[in-house]
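A quick write-up on the structure given underneath.
Per-chain numbering from 1; labels A, B and C assigned in written order.
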């Protein structure tokens, strides 16, 4: 087995200062809501980390999650973190292809049996194995084969976590999520369409540091990033409370940065870190840019009534059916009245 | 389909169908019964205007009865006004109506709405206590009275809990709130909540009959 | 006002004014089987379930405000006297038999069938403790005409043979003889002649053709016969072409009060036919409350088409005649308060007429508290004064009237209904009260000015 340098070795070789490294560890600790005392531990763990094997499987996906990851804000450090995991298999990023690529995957699995991480993006089609294949292998087969020796599985992006856009109505490919299929390995969902880069790397950093997965919510998402709603952390919340809403895009309210509830914002039911961590190194997030939250880290967000349909919009069914109900009501009432009249007439005659 | 999807979808749909069908059933069932013909010579014009007059005036208690009925009347006003303020002047609700009416109207700030909701619930509780303790009300009250109370207060209550959370996830609270509204919609046509639409019929009828007599309404 | 006799001062708070619930007495007429009674009650409840009744019975909110308007409840605090509770059986029957959901009410037993025990218990509520005064109808926030519904509910009770004994006997006598007190045409003619003599007034009887048909109530004929003379004086002074008719002189309608629509119609038709026979353009009704309701507002519906003549209560006639100058009265130097007969004022819409008359009389008029449309009932209307077992209840209720009248400190108390008068007289005797009710019509008749 070739010597695998530790992360510390690599960083040193790359000329990353100790100070810079410690700053990163402090930021990570803060992100994970860990006390400052944990920082040296994170530093120690990361420093001594052997680059664990990571196999990244891409199924029915748009590659947006990978794109998000590579748009990381501190390319130097995060890129290095990525260098410090042995990314042994990734469709988009790897150089190899075809048989060579598959061979690499199998080699990584064998060498690190029981210890490698499987990261998945994209949903898995169950309608027909032929809908999505890699090197002639169906997504389903590849997934089940690869997770056999995995330490844990991280479903990255809403497609892998919940089925995502392929799984949206009418779900023509029969797309399902990772957790629908993988039952005997720990699965962490990092949803979002795409997820925030820092969220992805923080989950990995936690695993690297502590060798265990973070606390998860009822949807299998790390509570640290998915424990609060956008609504509860949104900087526009005071406008919601005051009743100041943008009515249309680019109207006076929109320009004043008022609440986007009426434009369909799903913030109240969406759990993610967008309102605090934001995107592009804290530059902005959709609401701040004037667009209502899509709710993209929630299961089935494509089918929640529409991105621009306000959360409190009801679905009253078709006009036709309502008309039908009206007709039925009138008919029943008429029948009751006729019966009542008959009775009345009968007894009037009797007297 | 999770609870919220169910509440916003099939639950509200079915509730809407039942509401529409039920209201028409009850109204038509009453109005299509035999009409009592009236041949007496009127003292004053009756008809539609008389009906409208009494629909309006009966909202206010006549002076001789004011003192005796002041307490429950005030509570009822607080309950109704608070209830309507919450339903029609809270922006997320206005958006709800806009969804099928096609137009909207200005709302009030959330804290004002919250206060109205609290006032409505407090008035509702006071009215319930009265119904349980006043001898007249104890005698005449039945299941309909208590169930209608429950079904009316529940949406307000669940709505008030939403910002407070009480350890429950927001989307669950929202689902429960919407479901409680669905229950209200389903019950409304059938019990005494039907006064929502019957009040116009009963007051209007009395207006027409007694105004034409020149009698006090 | 008479001076109060110090030896028998009226002590309002004394024990004898304490309310004792009436003896339980379930009067029954006829010998029908129980099932038949219940069936008859139901059928005759159902007969009344038209769209108007239905909306009322469907609209009740159980708010209980009607109790605060009802003199029987207010003076006893007995929740059973809550007006809408008096209609509970009627309401139950409606929901089971004619309501929009009647089928389901029966299928699932949401409302039980009315039982004989309930009907017997409700006799007291529907008859002893309701004068159909209509205050409850005015307070109801839903605008339900509760009083009117009580009249309808009585149909079922009558047909089931479950009405108070005295009321039944009186109504039967009226149906058989034409008068609740058994005053035949001959007796009436006699009394008219007697009054004509004693008061030296021309009283036309059985004239073939006349513009105005005057009618009387048996109470007046029997107890206050001077009303006959007073009526004649007023109509003569107005220069009216008028007459009494032996084939149509009874204004009271005990069929209506007791709950027998057949008898109600008979009594009404007598008057209508007599008026038509003589080509009358107007029927002047006497000082009687329910007579006004029976003919002015319900008469045409009994007839089945608009009446070919006008109907006026004597107070309306006097007001009209005074306003038009057809008759004139001397100014009377006294202070007066007025008790409104419920069926004429509140239910009938003729509240202002009496006040016009009083204004012409030039008296110091003192409206009592709630005087006018919201006035308290005398407690004896709707047949209650005939029901002996209801006397304690009626007397208890009368305190409201005594307080009202005394507060005005008026010299005279007037009204325009012989039944109210009878109720007041009875209670006045019972309490040794110092006010005696006078008749508005008599005061006018006594103070007519000769043609100017």
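Odds and ends about this structure:
Rule of thumb we're sticking to: a contact is a pair of C-beta atoms (placed from the backbone, for glycine too) under 8 Å apart; a residue touches a chain by one contact, two chains touch by 3 or more.
Being a predicted model, the structure only gives us computed values, none of them experimental.
When each chain is reduced to the mean of its CA atoms, the one lying nearest the mean of all protein CA atoms is B. Here A-C and A-B are compared, and the pair linked by more C-beta contacts is A-B.
Taking the mean of C-alpha positions as each chain's centre, the chain lying farthest from the centre of chain C is A. Measuring from the averaged C-alpha position of chain B to that of chain C gives a distance of 37 Å. Chain centres here are Cα means. That of chain A falls 80 Å from that of chain C.
If you average the Cα atoms of chain A and of chain B, the two centres end up 43 Å apart.
Residues of chain A found to touch two or more other chains are 332-333, 336-337, 340, 344. Residue positions 49-50, 54, 98-101 of chain C each touch two or more of the other chains. In chain B, the residues touching two or more other chains are 25-26, 28-34.
By the touch criterion given at the top, residues 332-333, 336-337, 339-340, 343-344, 347-348, 350-351 of chain A touch chain C in their complex. Those residues of chain A that touch chain B in the shared complex are 229, 231, 240-243, 245, 261-262, 268-269, 299-300, 303-305, 309-317, 321-322, 324-326, 328-330, 332-334, 336-338, 340-341, 344-345.
Touching chain B in their complex are the following residues of chain C: 49-56, 58-65, 67-69, 73-74, 77, 79-80, 82, 84-85, 88, 98-101, 137-145, 296-301, 303-307, 310-311, 346-351, 370, 373-374. On the side of chain B, the complex with chain C involves touching residues 25-26, 28-41, 43, 54, 58-59, 61-65, 68-69, 72-73, 76, 134-142, 144-145, 190, 192, 194-195, 198-199, 201-207, 209-210, 213-217.
Contacts from chain C toward chain A in the complex involve residues 43-44, 46-47, 49-50, 54, 97-103, 159, 262.
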